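As written, the chain order gives the labels A, B, C and D, with residue 1 at the start of each chain.
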Amino acid sequence: MSRTPIELEHVSRFYGSGSQQVRAVDDVSFTIEPGETLCLVGESGCGKSTTGRMMAGLLEPSDGRVLYAGSDVSKLPEEEKKRFRRAVQIIHQDPYASLNPIRNVTQILSAPLRRHKLVKSRSELRNKVHELLETVGLTPPEDFLRKHPHELSGGQRQRVSVARALTVDPEVIVADEPVSMVDVSLRIGLLNILLKLQQDLGVAFLFITHDLAVAKHFSWEGRIGVMYLGRMVELGSTQRVVREPVHPYTRALISALPEADPGLTRNKERLRLRSPDIPSLLNLPAGCPFHPRCPMYEEGLCDTDRPAEDAVDLDGHLAACYVAARELGQEDRIPESSRIAASEARRRTA
Amino acid sequence: MSELAGVTQGAGRNEVLRVRDLEIGYSTDRGRVRAVRGVSFDLEEDDSLAFIGESGSGKTTLGLSLVRLLPQSASIAKGEIVFNTSSGGELDLTDVDDETLRRFRWRECAIVFQSAQNALNPVMRIRGHFADTARDHAESEGVLKGRALTERATECLRLVQLDPERVLKAYPHELSGGMRQRVMIALGLLLNPRVLILDEPTTALDVLTQRAIIEVLTELREGHRFAMIFVSHDLSLAAELADRVATTYAGRIVELGDVEQVFYHPRHPYTVGLLDAVPTLAGEHQELSSIPGSPPDLIDLPTGCKFHPRCPYATDKCREKDPPLIEVAPGQTAACWHWEKVGSDWEARGGERHEQDANRA
Amino acid sequence: MARTSVPATGSGALEVLRKVASSYLFRRLIKALVTIFVMASLTFFLIRLMPGGPVEAYIANLVSQYNVSQQAATQQAASLFSLDLDAPVYQQYLEYLGNLVRGDLGESLVTRGVPVSEIVLSYLPWTLFSVGTALIISFSVGILLGMIMAYKRESKLDHILTNLGSMVSSIPDYLMGILIVVWIGVQWELVDITAMRGSLSPGIQPGFNLTFIGDALYHASLPILAYVLGTIGVWMLTMRGSTESTLGEDYVTVAKARGLKERRIATAYVGRNAALPPFTQLSISIALVFGGSLLIEWLFVYEGLGYVLYNSIQQRDYPVMQGVFLMITTMVILANLLADLLYSRLDPRIRVGGRD
Amino acid sequence: MAAATGESRYRDSAIGRFLARFASTLKLMARNRVGFAGFLLVVTIVLFSFVGPIFVPLDETVRVSQIYETPSLSHPLGTDSEGKDVLSQIIHGGRPILTIGYLAATISTIIAVMLGSLGAFLGGRIDTGFTWLADMVLTIPQLPLLAVLAGILSLNSKLAVAGLIGALFWPTLMRATRAQVLSLKERDYVESARALDLGTPHIVFREIAPNMAGYIAINFTLAVTASMYAVVGLTLLGLVPLSQDNWGVMINLAWTRGAIFSKDSIFYIMSPIAAIALHQFGLVAMNRSLSEVFDPRLRRGS
């Protein structure tokens, strides 16, 4: 299976209309390179799951395009569309809802194999099912063939979910919070399986999580995208985003996260937010949506224009913040209107 | 080493709560679930004790039993739960009449649940919740109505950084998850309880809201004289808020000690397993490992030590005899026959990861 | 801190208009009017477009039996349906609607010259009174019993009431009526059944005096009993189920944790929330109970709309049939509206959204 | 896992799976005593009414001397106002009523499931349209409309009556089905089936429909009770001129001929009422154990 990049180009998703319109995802762009890992991190309601579903072709973007090998997915010829459809698979968060309670493990795994004629005979089908169960660490496979979902533990179900995604040899797997409902002591086992798939089969991952520590562990070699109220506020390599976060929201997330180490976590310097509560998607504040809570808020600069995804661009490490742009000497990327508003505000208060 | 070794002897600072050999089971159609199998601990006046455990550890059952809020199918088979009430008398919750229990609840010991999602009555304004609580404790707390009630409620809501004007007249569905959780904490403070129990207080919340709740709880503890018990699967919450930590597995405490002891000098393989499985944000990329096997089935538990099927140190002795809590250091106990070996392995490799961070503490 | 948009005075009127237009009440009214309109058209077209339909049959009947001339028969049919039959259908339809809007439902065929609207309005209060009282009694008693059954779950009382409830709810209300007549009336002779029939004893004049009210209650008691027995089973079972699930809700456990008194929890926490699901079912059963009035009133010779409808069907008095049917439908719609409004008062989550 | 290969192959085949599923469903239904009793009651009444007439001839002979006889060996349920045997009338009286009742329930279930799942699956204007139509039909008082239509149209064929009743009883069923399909459609396993490109037929019939089976069964029994209510009511009012006599007509005759008011006609009057009430009660009770059978939480136990 040749590997092709998948790109989201200014993709948005709106719900409702007029004054009741909610912009769940608002003008997000990034590309998943073959074999790469990109983590989408953000609080609930920030649009990371919706973005994941659009990447997997399961949800039509209201605006912008999803490109598979450079061409718009909705305009692909039928054959190409089928290839894209199978190239991106999805794993869900809730182990109890991701498997159909009435079908047993064999039925779940053999449906795609039979449907796409990936196996010629019953014996080949059985071998393939055994092989899949072994890849996801459900050994000995015979124990699981007849099992129904309610006879499996949460961790085991997630592994069946991964095996199901592997049946069609996907190029990219969108993993939507796959470990957040699994016991901490078992999470790493599941993450290691996904990492092994990447090394052995070169599968790319769009890994969605609200936990920065899990993102750092899983995508150490890859990239992290931080989302807030439907927008990508920071995008860069994991090690740089974690060590030198640019956007104040990312800094706030990093400083707020408790660590499983008393000495460390009790002395961590905390970023004080101006307000603990998230504004509602129904009436978003003007300019940068984080400004009502942002400790680095500057009147005029932050509440005039909405910072673009690449307001700051440190050779690929993007952040949507004008204050950061000014501090990092990229003032020229700040639009005129914000600069004027900022200087007026300074004159008023001076 | 007697069964009670795990409990600090002597009066020490004045004690709020004493639990001895508590056993709780549920009757289900698949058999009897032994959720809590002999738990003992003490709680001092301004102590903060964390119970860390995963699914099947019985930690929530333990939390609920401290205010006798177990579902009908549950029954306390053995043991005692003794509170030193603010009026000086001792009260054993395992045999108390309903009215005394009702009066005891919230006045002496309040509890905040995990899913603040529907912990508040959806058809009643927040003010109504404060009024109800005050009215039904009028005999013991003195009548608190009208202006006095509003003032007291406003004070509690301010303590948890909420805007009283807006919140008091709001309905629960008009507040966000984080705000509802803080309302629950404010309600908990209304009658100045001696103990506040928090069952997974931050699990359903986002990182920034979680941070706000942790800060509220930390400030409250400094200002107020109340003890705190919280129950969670999240080790980092214990690291943030706890003075003492108890790791629990299959219905029993497997390790109990001060937070530095348990995090930096663990002596039970399960605690070590947990510490090795939790990714941290600070520092370089660590090699993490899962605990093999899956959570225990509380109906047919293995023989001997319940952790032996998943434990790298398991020997025949572990498979036959269930170890009691053994004193491994002053104030620290662990239920493991091979705690010395576990300790020496940990110290050998533990040096580079934890110790030097602790020195900065 | 979210900025609330205060409409400038200029656009105030527009804003208010928009708010009303999108308001819950307005949409429900529109829906009700459209339903009535559709019902009226349904009965109109059914009569008109049936091949060899009743209009033609009526004319043929007049011609053959009373050897009335074809022309005169058509003329009479026109007055019967109060419109000109020769005109094209759509014109008849418009005329029919015109009359409807002016409240003119045509004239009764049987009692010449008496406008249908007069008949309908005179019998309406009896049905409203009997069905209304029955609904209130059966709903409140059913809710109470349901809660008791849930609180005393798996006890002997719970088992008896549950089986009784499902038995009662499976027997149609009109069969319940017959059982009342047979057992209470004839077999056990607890009550003089023949005297109780009809909605008013002869010689009693309607008016706000005790004798009238006493007599009206006396006559209405059996129909009300039939309605109550016909519907109470459903409320008991629904309320038992919804109370059982409410008892498992977090806010009830938290209320106990807050040391609230048992009575307070049972009313303000459990009762208030558990009553919501059965309340939503109220609007469905209103249509059923009003429908059932046709049979109950026939059984007890209780002169309400159902009784009138039955007679008009027997006598093929089409205008009265149409008029009574429209009135019953309107009453059901208004009752539903009332139930929904009450519900939005009870559940704050609905009031804000306004979405039904 | 040493199940004999023969046995496992048998269990794998479609019939095998169906029989196993049927056996386990029966076992589950038996868990609720009252529910199972209800199920048996309904089965016996239906069998009685459809098979009975073949063996028991309808007693037409008028015996003036034996009016309202109390039950005896020759007349287990006594005799009617013309001395005719009541039991034979009960046996013959079931079929017309039950046929219409079950036919109408089938029609309304089909309409409800189609409109409900189509609306839920396609969403948008179609969905709002269907829901609106359902709400409107819900506000029509069914019995009066049926009575009016019966008065206007001549309803002699069973199919016409069943069709009419069915056309009025589908809304509550449709709303329930729509809610169920809406919730199933959003389930994660349906989304992953779409991602695996398993095709809409697979999703509808393999992922969604099996989860709906229980739901439809429960709603079907509710529909039968509702249509029985209507058909008995109409026959009672004499508005549906069905040729042979049936339970409804028996009650109508008892009523119009004043049999109700004579003391010793109790068995004659109570027999049809009991037959109808028992059948309805059987359905309602059966529903309770059906809902347990199809309750996913319970499947976890089996």
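In this section, a contact is a pair of C-beta atoms (placed from the backbone, for glycine too) under 8 Å apart; a residue touches a chain by one contact, two chains touch by 3 or more.
For clarity, every value in this text was computed on a predicted model and none was experimentally measured.
**Q** Chains touching chain A and chain C alike, please list them.
**A** Per touch definition, common to chain A and chain C: B, D.
**Q** Counting C-beta pairs in contact, does B-C beat C-D or the other way around?
**A** C-D
**Q** As a quick test, compute the distance in whole Å between the mean CA positions of chain B and chain C.
**A** 55
**Q** What is the distance in Å between the mean C-alpha positions of chain C and chain D?
**A** Going by mean C-alpha positions, chain C sits 25 Å from chain D.
**Q** Based only on mean CA positions, could you tell me how far chain B sits from chain D in angstrom?
**A** Result: the chain centres lie 53 Å from each other.
**Q** Taking each chain's centre as its mean C-alpha position, how far apart are chain A and chain B in Å?
**A** One centre to the other, that is 33 Å.
**Q** For the complex, which residues does chain C have touching chain D?
**A** Per the touch definition, chain C meets chain D at residues 31-32, 34-35, 38-39, 43, 46-47, 50, 53-54, 163, 166-167, 169-172, 174-175, 178-179, 181-182, 186-187, 193, 283-284, 287-288, 290-292, 294-295, 298-299, 306, 309-310, 313, 316, 318, 321-322, 324-325, 328-329, 332-333, 336.
**Q** Can you list the chain B residues touching chain C in their complex?
**A** Contacts found on chain B: 67, 69, 102-107, 110-111, 113, 115, 117-124, 128-129, 132-133, 136-137, 171, 173-174, 184, 187.
**Q** Give the list of chain B residues in touch with chain A in this complex.
**A** Those in contact with chain A are residues 54-55, 161, 176, 178-179, 206-212, 214-215, 233-237, 239-240, 259-260, 263-264, 273-275, 277-282, 285-286, 288-292, 294-295, 354, 357-361.
**Q** With touch defined as at the start, can you tell me which chain A residues reach chain D in the complex?
**A** Touch list, chain A to chain D: 53, 56-58, 82, 85-86, 88-90, 92, 94, 97-103, 111-112, 115-116, 142-143, 150, 161, 164-165, 167-168.
**Q** Mind pulling up the chain C residues that touch chain B in the complex?
**A** Residue positions touching the partner: 249-251, 253-262, 264, 268-269, 272-273, 276, 346-349, 352.
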